[in-house]
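The same subunit A turns up in both complexes below, where it pairs with subunit B and then with subunit C.
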Partner chain A sequence: MALRELPYRTATALCRDARPTVNAIQPLFRRNASTDAAPEVETTSFADAAAKPDAVVKDFDPIARSRARRRGKKQLPPSRYQYREPKYYRGPLHPHQPLPVSDPASRRFQPGPFTLPRLDQTYQSTIAQDILAMTYQHYPPGYRAPKVEQRLREWQGDSPYYKGRPLRGPRGKGEVLRLLQEPRTFRNIPKITKVVVHSMVPEAMQDSANMHVAGMILQAITNVRVESHKARHNVVGWGLREGRYVSVTATLEREDASHFLEKLIDVVLPRIKEWKGVPGSSGDGHGNISFGLTPDQLALFPEIEVNYDAYPPKMIPGCHITIITDATSNKDARLLTQAIGLPFYGKLND
Partner chain B sequence: MATPIPSPSALRALRASIAPYTRHSQQVRHATLLRRPKRPYTFTQLIQLSDGSAFTLRTTNPQPVLKSAKDIRNNPLWHPSSQKLLNVEEDEAGRLAAFRAKFGTVWDSEGEKGKKGDSLLDIIGGAAKQTDAPKAPSKAAPAAPPPAAKPAPKKK
Partner chain C sequence: MNAGQQTRRAAARAGHSICRTCLSTPRPYATAAAAAPTPEDALAQHIPPVAQSSPSTSYAVNAGVLLSRPPQITRDLHPFEAAFFLYQKRLNERLALPFTRYFYFKARTPADREWKRKMAQRLTPARDIGRYKGYGEEAWNDEVLVGAKESEFQWQVDRLLEDAQTTGAEEEGNAVAAAAAKAETEAFERPPSRVTEADEKNDTKSLARALQRTLYLLVKNKEGRWEFPQDRLRDENLHGAAQRILNTSAGPNMNTWLVGHVPIGHYASNYSAPKSLPTGLQEQGTKTFFLKARIMAGQANLKDSALGLKDFKWLHKQELEKAVEPDYWRQVKNMLAER
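Our next item is the complex of A and B:
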């Protein structure tokens, strides 16, 4: 039986790799739906894309656009049900409680987001994938991560009060518990959570005008109302007096943070003369990266340039910018900020 | 009817929902003012970078369009390998250009070749140049394409 089939088997074995020439030629003559589209796709490039924007700039009229949007639509008629939130919070047992912040009727409601910033689009479309690919650590199947031991110290001794006491932190002054380095997954790709712009104005102890100018400048460049802070301690060397207002901060989140970073990286930092980049030693080991701008450099922001005369030139402060990410190490935080466009120089601190 | 005392979990949830505005380390017995958040007025601004690309921003700056001359697209720090950007001369006040316009020879003023066609040097060197005039474009042609064909700097 097997012998009778032998010639046939041999023939199939030999012909297995040989295919008719028609099949090879076919793709050349076949016509797909994408055939027409292909030449157009190939000719497109980044260099050609720059040709259009002149028309975009010429036609850009935000006021006319918003007017056109509103044209056909009337406002909704007022509702008969009008609820006013209490102006004061009178404690948890009071029958009239404030609304949650997310409710548009709440006094503390903040509308938004209004735009999808370009930085966020870039992050979602490219940066996140790139970071995941670059920092991914592959483990073979069956791998078990070593168990993390207790990193806090127990209370040693025979005092009966040690029993229920919370564990001690790491030994040494100024030592803190480092963040755990979780394996990278698609869920923990580092992203920018906040940007804090901080400006310390010790001259404000003599003349509060410095404080006002610093506040207005930070508000102009960040789109956020600033918060002012008092000195917490007397520091004789710096002439600080406890309880005096000495600094302002603006904390940017979400949309504001993205807009600020775009403006900073694309427009302001490249204008600085002989700027080397962010020092590579920056980074606190917990995913935060900070750098400073001098008064001259801060004046390069377009918001300040447009009415530079409004600010007394001697009172323009410098500032520190801290980019807070949810990365757990300097390396990851730097990877993220580099992808966004911040250059680093010098020795990197890892 | 007396108001029932809320359960501890309900109280906790309530406290969490209003936490950012009633943050106190100690018990507070007075009524706390719930402040309306203040936000500066912002405009939509179109920023056009030096290579012509544009994007919109929300800023406190009332100019509708901002055209920047110096930015990330033409700064050598962001494009360290670009010869085109490294060779550009720093002439923001226009002094070098003014000097060249006044004292420059043909060799200096590359851009103004057509204008300076009747200068003395051109007339003198005209006879010698005519022989290799057809050569010059062919020599320039291979040199010119690389910057154009070079892929545009990658966005971000």
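Our next item is the complex of A and C:
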């Protein structure tokens, strides 16, 4: 009963205009049914568990226990206790549904994360707040941003089919709608979302071994399965033929991306002779920065150096590295990549 | 009885829907927002509403510098995080394809033999997850026992170093082979300790302490109060003043970088009685605006300090709470980094 009246009591306590202080505090100190139960709720005992191993804990041997339990008994076949995920998705109405990806029994399950990367920790503790302080734009209270009008073009004409048709993109060939520049807040500090390592191997049209070597190298340095791509068009000048496999890419996210960038910035780039930095002309205006490494530079990765002999030296490819950030301009993307330790040279592309 | 109905009725009876604090104090933002939708205001949207309520009062404006040294090393993992990472690594051993041995070690070479010896000892290619086999009948036994060290960072570092320095022949009693192999393997430098000498001595003047935390420069001013370096703003802008304060207070023997030109926090305090200025204004108190700076190299030196500072300390957030006054702490705590 006391619990059911609680909302009413709260409302009256808050709404009463003039009242003595004792009345105002009263609801807070009222004893409820749950009051006694609260101290019995245990705080986490995870850290304490390791501190006190007693005799029972010391002698515990899971393998021996399991053997003793199974001795003299016939084990059930796995089909009786193991759930096997269906190989194909047969629609939402099928009784045999796939497991969620997070379940270790699922076919699509990927273990991880395995570490807390140093780059992520630096980003959270240092880089993000510095970028916020550097790019913060103050607006006085009461300021309202000017309204952004429709940036897409309407269909103009008499045709009745123009009604309800999706709006047209910007005029001109190759023109795209540029990203909006939102004012900087703590919610939209640019961060690295992905890294794409790409290697184009036109020699693979003559000898597919080049393709395999490029794939192995990219997998070794990125820790990610590569994807191979076909040429989309015939290009006579480059000897490209449509439909032939010519390039491999590895798309890195989260932990893999952080580890790859750490390795690149702290191990590989400092060892390159007379490396000038990332060209300042890099950047597509949407927050992506790219630069390339030559075959000699790619061979400096520790994963390749450790068994350099395993790769045919003539077949080691170069690669392009694209750092994909959620910045909305070249300037912000450059600020972020400079903060993680990539220098830029030459004329900057703004 | 229906509790929801009762509440609604009680709320209707109560009358006032504005709390008492809001009734007593004017709300400048709300009035500005309420005035916004009028049409003549649409043109003037870029002009900030500047209105001084009482022109006879004023505050002294100070510039302050929040000089910090960012964390130098990664943080210690919580035991739960460490256990989780080890669990995921062992799970990966079960699910990943087997290690491609002959791609890395040519058959019947010394390196290959060493690999075989080490694999026989630890059962898995991974060097930092302890003795565990990911394939076979007993692969389910992937949980570490109570009190096991496998998930600890230092244990994993030790195993990696041991792997680099040994050949696996030591345990087999092959003393000659082990001695020969030991001569070949180079001595590896152990990574320096995560706890430094300054940590043990609790030397708060040193920058080589609390490597996992952000350290802030705190100075003792003329009155004996601990605060961030600050000074009255002269005929200059905020970041110019911050640069001047850095140079004059803690000496030029610091390589510093001013992060941005905007203040990241402010501290306001009132005098006990307002001061009359020669201009006829009443000065109510001081307002200090803090700019952020990072120290790259060097150390603070108060020898030629022009601001009359007596002492300095490098403290992290939790230590800072105890060093400064409660009111100061209340106003500056939100501009300090957690780590």
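Criterion: the second predicted complex is superposed on the first by the 266 of 350 C-alpha atoms of A that agree within 3 Å, B and C clash if a C-alpha of one lies under 4 Å from a C-alpha of the other, contacts with A are read in each partner's own complex, and residues count from 1 in each chain.
Here is the rule we go by: a residue touches a chain if its C-beta (ideal position, glycine included) is under 8 Å from a C-beta of that chain, and two chains touch if they have at least 3 such contacts.
In this text the structure is predicted, and so the values were computed from the model without any measurement.
Colleague: Once chain A of both complexes is superposed, is A:236 in touch with subunit B (first), subunit C (second), both, or neither?
Modeller: So A:236 meets neither subunit B nor subunit C here.
Colleague: Mind working out whether A:114 is in touch with subunit B, subunit C, both or neither, as first, second, both or neither?
Modeller: Once the two structures are laid over each other on A, A:114 reaches both partners.
Colleague: Let me test your reading of the model: by the given contact rule, A:306 touches which partner, first (subunit B), second (subunit C), both or neither?
Modeller: After superposing on A, A:306 lies in contact with both subunit B and subunit C.
Colleague: Looking at the overlay, what does A:177 touch: subunit B (first), subunit C (second), both, or neither?
Modeller: A:177 contacts neither subunit B nor subunit C.
Colleague: Contact-wise, after the overlay, does A:104 reach subunit B, subunit C, both or neither (first, second, both, neither)?
Modeller: After superposing on A, A:104 lies in contact with subunit C but is clear of subunit B.
Colleague: Give one of first, second, both or neither to describe whether A:148 is in contact with subunit B, with subunit C, with both, or with none.
Modeller: neither
Colleague: Looking at A:55, would you say it contacts subunit B, subunit C, both, or neither? Reply first, second, both or neither.
Modeller: After superposing on A, A:55 lies clear of both subunit B and subunit C.
Colleague: Looking at the overlay, does A:138 come into contact with subunit B only (first), subunit C only (second), both, or neither?
Modeller: second
Colleague: Between subunit B (first) and subunit C (second), which does A:129 come into contact with in this model arrangement: first, second, both, or neither?
Modeller: A:129 contacts subunit C only, not subunit B.
Colleague: Both subunit B and subunit C touch subunit A; at which residues?
Modeller: Dual-contact residues (subunit A): 46-47, 49-50, 53, 57, 60, 62, 114-115, 118, 122, 126, 306.
Colleague: Can you check the complex and tell me which residues of subunit A touch subunit B?
Modeller: Of all residues in subunit A, those touching subunit B are 45-47, 49-51, 53-54, 56-57, 60-62, 85-93, 95, 97-98, 100-101, 107-108, 110, 114-115, 117-118, 122, 126-127, 219-221, 223-225, 255-256, 259, 262-263, 265-267, 269-271, 275-277, 302-303, 306, 339-341, 343.
Colleague: With touch defined as at the start, can you tell me which subunit B residues reach subunit A in the complex?
Modeller: 3, 5-6, 11, 14-15, 17-18, 20-22, 29, 31-40, 42-44, 46-49, 51-68, 70-72, 74-75, 77-78, 148, 151-152, 154-156
Colleague: Using the touch definition up top, name the residues of subunit C that touch subunit A in the complex.
Modeller: 1, 3-4, 6-7, 10-11, 13-16, 28-29, 32-33, 36, 45-46, 48-50, 70-71, 74-75, 77-81, 85, 88-89, 91-92, 95, 103-104, 138, 141, 143, 145-147, 214, 259-260, 262, 264, 292, 294, 337-339
Colleague: So in the complex, which bits of subunit A are touching subunit C?
Modeller: On the subunit A side, the touching residues are 4-8, 11-12, 14-17, 46-47, 49-50, 53, 57-58, 60, 62-63, 66, 104, 109, 111-116, 118, 121-122, 124-126, 129-130, 133-136, 138-144, 146, 306-307, 310.
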